[in-house]
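The next part holds the structures, each set out as structure tokens.
In what follows, chain A forms one complex with chain B and a second complex with chain C.
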Partner chain A sequence: MANILLVEPDTTLGSVYKQALERAGNTVHWRKTAASAVNALDQLSIDVLILEIQMAVHNGIELLYEIRSYTDWNAVRVVLHTDIRSSRIDDRARRDLGIEQVLYKSDTSLAQLCEAVTASKVI
Partner chain B sequence: MKQVVVVGIVLARTNYGEADRILTVLTRDHGKVRLVAKGVRKIKSKMAGGIELFSVNDLTYTAGKGDLGTLISSRLKRNYGNIVTDIQRTMYAYEVLKSFHKITEDAAEPEYFDLLNLCLQALDEAVPIQNIEVWLAVHLLSIGGHTPDLAHDTQGQALAESKCYMFDVEHMTFAQKDQGAYQSQHIKLLRLALRASSPQKLSLVQVAQPVGTSVNALCRQMLRLHGYHA
Partner chain C sequence: MSKTEQKDYTLGDHSQLFTVLAENLKSSFLTIARTAELASSGSDDVDGHLARVQAASSSALTMLDNYLLSLQLTQAGQRLALEPVSLAASLNDIAHQLNRTAEQRRCDLEVIVAGKYEPVMAHGAGLSAALLSLGHFFITAQSQQVHTKRPVITLAAHRTRAGIVAGLFAEVQGLHSATLRRSRKLYGRAHSPVAEMTVSGETGLFIADAILQNMSSGLRTARYQKLPGLAATFTSSQQMALV
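Let's look at the complex of A and B:
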């Protein structure tokens, strides 16, 4: 299964997602900010990044551009799991940032979130 | 070694070894420079704050033998921190940086720095993105020598208030055509954008949404044809 970096600023939601993803057999590292996510990427070997892009200080788009500016992190698979509607993430950004899926939180069940990780090409 | 002091805006960053970064910086007086920033990947680096994206920085570097200088110090001069409070603005700002990176591949005139600075400032001040796009497009075209002819049509006739036009992108000129998509209000918006010294000034003008959208689409088409898109 996958080594997941979950970046979710909300404590309650993060806890629920972490448990669900772990129950599906994944190893989950949960961080609440973009800066701590960069640290985690530096220290851990991550297969899949599950990311909420609405965050304080540095948002998820900034985090993704930062990640993609490092050649050694280009292989990290990215699933956006966010409160922002998929239509607001333009195609160019998806392509440039290697975003595999955009899941709108309100429409996505925990099972679908786990499926998104399984569907990721790395697994 | 010779030290150079510049005011610059970081266009791109990439990793270089374990802890170093290569910065591509657009400067006003020295064009585009590539600098090695040593140790900036470490979070506590003293230089880290001065090399953020969407900011203007005072940079001191030593020029190397090749085209790669070494950054000695940096100081944040102006940070456009409001940009990243909005996802749409953030995405557009990255797109703008990439475009400038591409446009200035061969030569970076001082005008490009000023244009980028004004554009980031407008994004920071929450000027509608559509207005910024139109303003930026006509000014980029103008610097590149591709200013659309906003006075005469393809036949050399003065553009008329009552007529409809299509746009000949290749010749950057309007051509009279019944049922053409462009009328006087579209042409006026392009003229205003060209005359406005900043996107903020253009935003003072009330423009009907369909006109703005249509002009924006035309501007994108012009930029694409002339190779401005990243």
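Let's look at the complex of A and C:
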């Protein structure tokens, strides 16, 4: 069981992902923007961050740079769950930003998303 | 709005509009697919319907994804960056991805890679998208035809003097070189350009055709163990062969 911060801008999808992750026994805090995600990280103890890159105003990569600039949040495990194909995400960015997994939304079932969280906790 | 403010939707602008439309439709189909997955009730009857909704929306999502990738690959205006790709791994992966759609459309898939091959030179993501699109085309085409027994679609690779041929093969009516030639001519001009085989599932054929012409000999009709099919010829990776 993990304490998850889900950052997903789409209302319907966010609700579906939240319910699926909760059914798998996790506690899920869902935010729609980078700014609200930073506030949540500040107030909650988060194990895993599930993040969409494409967001309005500040994108997911900007949010990750912000997160990684604070030592307190360096232990947060990051799973990108995004509409951008993984081949388009730079290897260096993955390494520098401590991204553990990149899941392409179209190819990832709810069961696979829950498995990714479990795997992330084990790493 | 004055005339100068109006957007001129010529053909080029239309394809950009289709790109935006495809991205938006992807989001809708993704929502449908995942909601159907979440809604599983434990009742066989309801779950059967939900599985069909999930399979249909996932299939649409895949086609939109492959369409967008084909646009990206064909509009780059340059040769694709080719890399050594294992055909056996690709064909097995494609069969795995097509499995649920095939099951819903009541057909079987088999993978035959005769012999041991070195990797071929291809664009990995492009090859997967092309073969996956071709798979959807075959599955749709066979589902619209009458069969005496449950149809089987074979994903196969074999060596020829020209290189390594990979494609899909099946007892599908109307699959001839003339059909492929005519469908290319009718593309964009007829409602059902591959009417000899299917009246609604031709998109996969054209996506595969567009992608493969940039990384192989292009899509052609071929035969494998007397089965008609559509395939492309790839050159093997000399570098990997030396290892």
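Quick notes on this structure:
The rule is short, and it goes like this: the second predicted complex is superposed on the first by the 120 of 123 C-alpha atoms of A that agree within 3 Å, B and C clash if a C-alpha of one lies under 4 Å from a C-alpha of the other, contacts with A are read in each partner's own complex, and residues count from 1 in each chain.
Just so it is clear, a contact is a pair of C-beta atoms (placed from the backbone, for glycine too) under 8 Å apart; a residue touches a chain by one contact, two chains touch by 3 or more.
Source: prediction; values computed, not measured.
Aligning the shared chain A places chain B and chain C next to each other free of steric conflict.
In the superposition on chain A, the chain among chain B and chain C reaching more residues of chain A is B. Once the two complexes are overlaid on the shared chain, A:S106 sits against chain C while remaining clear of chain B. Taking the C-alpha centre of chain A as the vertex, the lines to the centres of chain B and chain C open to an angle of 90 degrees, rounded to the nearest 10.
Looking at the shared chain after the overlay, A:A20 reaches chain C, while chain B stays out of its contact range.
Judged by the touch definition given at the top, the superposed model places A:E115 against neither chain B nor chain C. After superposing the two complexes on their shared chain, the closest approach between C-alpha atoms of chain B and chain C is 6 Å.
Counting contacts as defined above, no chain A residue meets chain B in one complex and chain C in the other. Chain A meets chain C in the complex at residues 10, 12-13, 16-17, 19-20, 83, 85, 87, 105-106, 109-111.
Every residue of chain A that touches chain B in the complex is listed here, in rising order: 35, 38-39, 53-54, 58-62, 65, 69-72, 84, 88-90, 92-93, 96. Only residues 26-27, 30-31, 34-35, 37-38, 61-62, 65, 69, 125 of chain C touch chain A when the two sit together in their complex. By the touch criterion stated above, chain B contacts chain A in their complex at residues 12-15, 43, 53, 84-85, 87-88, 90-91, 94-95, 98.
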